[in-house]
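A, B and C label the chains in the order they appear, each numbered from 1.
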Amino acid sequence: MRTTLPLIITFIVGVFMLGEFFIPHWYYQHIKTLVLEFGTVIAGVAFLLGVINLTQVNLPRVLERQPDWIYKAIMLGSMVVTTFFGFWEAGPRMEDGMVYKWLFDFLLVPLNATMFSLLAFYIASAAFRAFRARNAEATVLLVAACIVMLARVPIGEQIPVIGSYLSVFQNWLMDVPNVAARRAIFVGAALGAIATGVRIILGIERSHLGSD
Amino acid sequence: MLEWLIKFQRMDRRWVFLGMAIAIFIPLVFPLQLPFRVDKEVRDVYRQVEKLPEGSAVLISADFDPASVPEIGPFFTTHLHHLFRRNLKPVLVTLWPTAIPLVLPEIKAIAKTYNKKYGEDFVFLGYKEGKELVIKNIGQNIFQQFPTDYDGTPLPDLPIMQGRRQAKDFPLIVSISAGFPGLNEYVLQIQGQYNLNMVGVCTAVGGPDYIPFYKSGQLKGLSMGMPGSAQYEKLVWKDKPAPGVKLLATAAMDVLNLGHVFIIVLIIMGNIAFFITRRIEEA
Amino acid sequence: MEEMAFAQLVGAWVSIFLTLTVLSFLFDDNPIYKVAEHLFMGVATGYGIVEAYWNLLKPNLFDKIGQGFSGESDQLIYLIPLVLSVMLLFKISPKYAWVARVPIAILVAAYAAVKITGETSGKLIGQIGASFPNMSESWDKHGLWNWEADGAGVISDTLLVVGLSACLIHFYFSEIDARSQRLGVPMGIVTFVLVMACALTMAPIESTGGKIAVGLGLGLCAAAPFLTLSPYKHLLTRFGVMVLMISFGASFGFTVMGRISLAIGRGQELLGQSRAPVEVAQIHPQIATLVSAVIIITCLFIFRKKEH
């Protein structure tokens, strides 16, 4: 019962949703949009579940003063503060002068943006240490990368004689070999996704239900 | 020599970091202002907007976060100017919660400079969790998925939403996307099914993945990363921005020059050292 | 000059300080970076809850149920997602976690179905359909190779199709038995000749040169996949690998561009270039950057000393 019922539901909902291309009746489509909307609500609650799980994992560590507890406390504290002001300030929370907006503008924005900008430095280091023309394949990869890097910026166009050809060749690389390779990957990935989807709907793949 | 080359290859990566930082800061302080071309894909985005009749509504899905603002934020800002200047009506939605404070103040501020009225000339429908499921419903029934706009006004009460219940009621869909969920999901879930006229804006990382969609005609235009935004700025402003408007992507193109050259030099130096070392060791 | 609020001024300084705090990770992992990292996680999570409630759960669930109880009885159907949501929360309990399987089943089934339809219509049909270029039209427009149109023409069309086939065949890992391997070359030759003949007689092109070029292109496109059933399969797969390498190289180039762009964004912020001149005059971002840098470097120095 605990496994069979969810599998039956998976099958019914999956087959129902697949029917949208074959049954254009308005009521069928209406039910479909309802199911989609219910799905979005469940996805929203799943986010809440993640937050509860995060608290369950980290709160005991803070209370037991485990190593690095102070960082966990900062995380939980900032989460509580942000949540509190988000609900307290309610509707106008995104207006200037609100604490919630301040937290977003001056904490979340710089932290989020700078975390990702670190990658510029690491990619430079990786290019220096690991990008070697060890064989023909690596050489092709390296040359393609250098052409793209040079031709995508204005300085590439300014190179005497080859500048304009470089830009055409770069566009050709993107339009022909790149498109060929991406389409092959698309086909492979699409077939994989479809196969996984069918396995889920038929109940062959059931890892999402967890174990008993 | 060999020892020195091995040392060079194993040098502390912080020196590379320092070099990168210098390559970024120097052109920021001393700009080169090199001219740049406009790619066909970006020109197509511009043309799609230009050929819309006045008063048309454009559905924009702004799916990005603060981290991707340097790349696609300038496009978003310029796009709003472009739409308002042409008396087109942007209808904004987002699938990324972090996009809300980035797009809402921006659209309100820009709309103010063009004397546009909220609810009539533009609207922000807010954010919904649910990824592909939300996109599917945008294709089928926007009113169902977005019962109210961001401020809580029911959609039927908004003049701009009259007669615009589904994605296909919009003559142009613009997906400004920094990843998942975004452009890829829009193309997969609704573009093909409803044969939508759609253009895409993506970060540079996603660029090579979306070019096949542009080549196949599923996307009618495509702007990739910061250069795409700079080229769009060039098309819209023609080097004469309105007072108070900063062409951030155009300014950043200078820095990209040196950044790319620095990485290419690193690759070349690393390879030279590698090959000399290998040859000496073999000998 | 419009004066900025004190909170905004403090915020701008905090923002610059936090930017440099995160950048300090480039020097080494350190406690102030860890504080910033956890602060980010906390604020981002809190922010996510708040927006999920105000943007989704309130309008799409609670408000609709409220309408249901105040007259619009058809909205009472939204009690279903409410029940499902409560069931999902049972996931927290180790004993009753199985109750959550019902909403998870609905969610996963809906996602699986939309993935199947989306991948089929958007990628399989959309992309494969676009991989049959009209070479006659291509010849008329561009000829063999057109520099003005980024190298468009019959050569590029042929390379696109052969490259796609080669990459797909590279992904085909099954062994082909020796008997089947004898089929490829003759079948390829027959196909090539047939396609060439069709192109020479039927292609809507006036010049003979054009007919030969289009025939060669189409013949190669049609015959190349037959190499899979031949001892020369490795040649095709090697070509496929090279095509993939070009694409990955392009991806690397684009990734570099993207990552540097993000760093530029932070640089513009630190130097105050992304702000209006009125704000820059009040915030003094360069001074804030300098002060923050001094504080952070001092902290790093102290931490190092403590460690040793």
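Methods note: a contact is a pair of C-beta atoms (placed from the backbone, for glycine too) under 8 Å apart; a residue touches a chain by one contact, two chains touch by 3 or more.
Note that the structure is predicted; figures quoted are calculated from it, not measured.
Contact with both subunit A and subunit C is made by B. The central chain of the assembly on a C-alpha centroid basis is C.
Centre-to-centre spacing of subunit A and subunit C amounts to 8 Å, using the average Cα coordinate of each chain. Chain centres here are Cα averages; for subunit A and subunit B they lie 16 Å apart.
The geometric centre of subunit B is 13 Å away from that of subunit C, both derived from CA atoms. Residues of subunit C found to touch two or more other chains are 26, 44, 47-48, 51-52, 56, 60, 110-111, 114-115, 117, 119, 123, 127, 150, 247, 250, 254-257, 259-260, 262-263, 265-266.
Within subunit A, contacts with two or more other chains are made by residues 21, 34, 36-37, 39-41, 43-44, 47, 96, 104-105, 108-110, 112-113, 115-117, 120-121, 123, 127, 131, 142, 145-146, 149, 152-153, 171, 174-175, 178-179, 182-183, 186.
Within subunit B, contacts with two or more other chains are made by residues 17, 20, 24, 67-70, 98, 100, 128-130, 133, 136, 145, 152, 193, 208, 212, 215, 227, 256, 259-260, 263. Those residues of subunit C that touch subunit B in the complex are listed here as 26-27, 44, 47-48, 51-52, 55-56, 59-60, 63-64, 110-111, 114-115, 117-119, 121-123, 125-127, 129-130, 150, 247, 250-251, 254-268, 271, 273-274, 276. Contact residues on subunit B toward subunit C in their complex (touch as defined above): 14, 17, 20, 24-25, 28-29, 40, 67-71, 97-98, 100, 126-130, 132-133, 136, 145-148, 150, 152, 185, 187-189, 191-193, 203-205, 207-208, 212-213, 215-218, 224-227, 244, 246, 248, 251-252, 255-256, 259-260, 263. Subunit A meets subunit B in the complex at residues 21, 29, 32-34, 36-37, 39-41, 43-44, 47, 91, 94, 96, 101, 104-105, 108-110, 112-113, 115-117, 120-121, 123-125, 127-129, 131-133, 142, 145-146, 149-150, 152-155, 157-158, 167, 171, 174-175, 178-179, 182-183, 186. For subunit C in complex with subunit A, the residues that touch the partner chain are 5, 7-8, 11-12, 14-16, 18-19, 22-23, 25-26, 34-54, 56-57, 60-61, 77, 80-81, 84-85, 88-89, 91-92, 97-98, 101-117, 119-120, 123-124, 127-128, 131, 147, 150-152, 156, 159-161, 163-164, 166-168, 170-171, 240-250, 252-257, 259-260, 262-263, 265-266, 269. On the subunit B side of its complex with subunit A, the touching residues are 9, 13, 16-17, 19-21, 24, 34-37, 39, 65-70, 98, 100-101, 104-105, 128-131, 133-134, 136-137, 140-141, 144-145, 151-152, 193, 208-209, 211-212, 215, 227, 253-254, 256-257, 259-264, 266-267, 269-271, 274.
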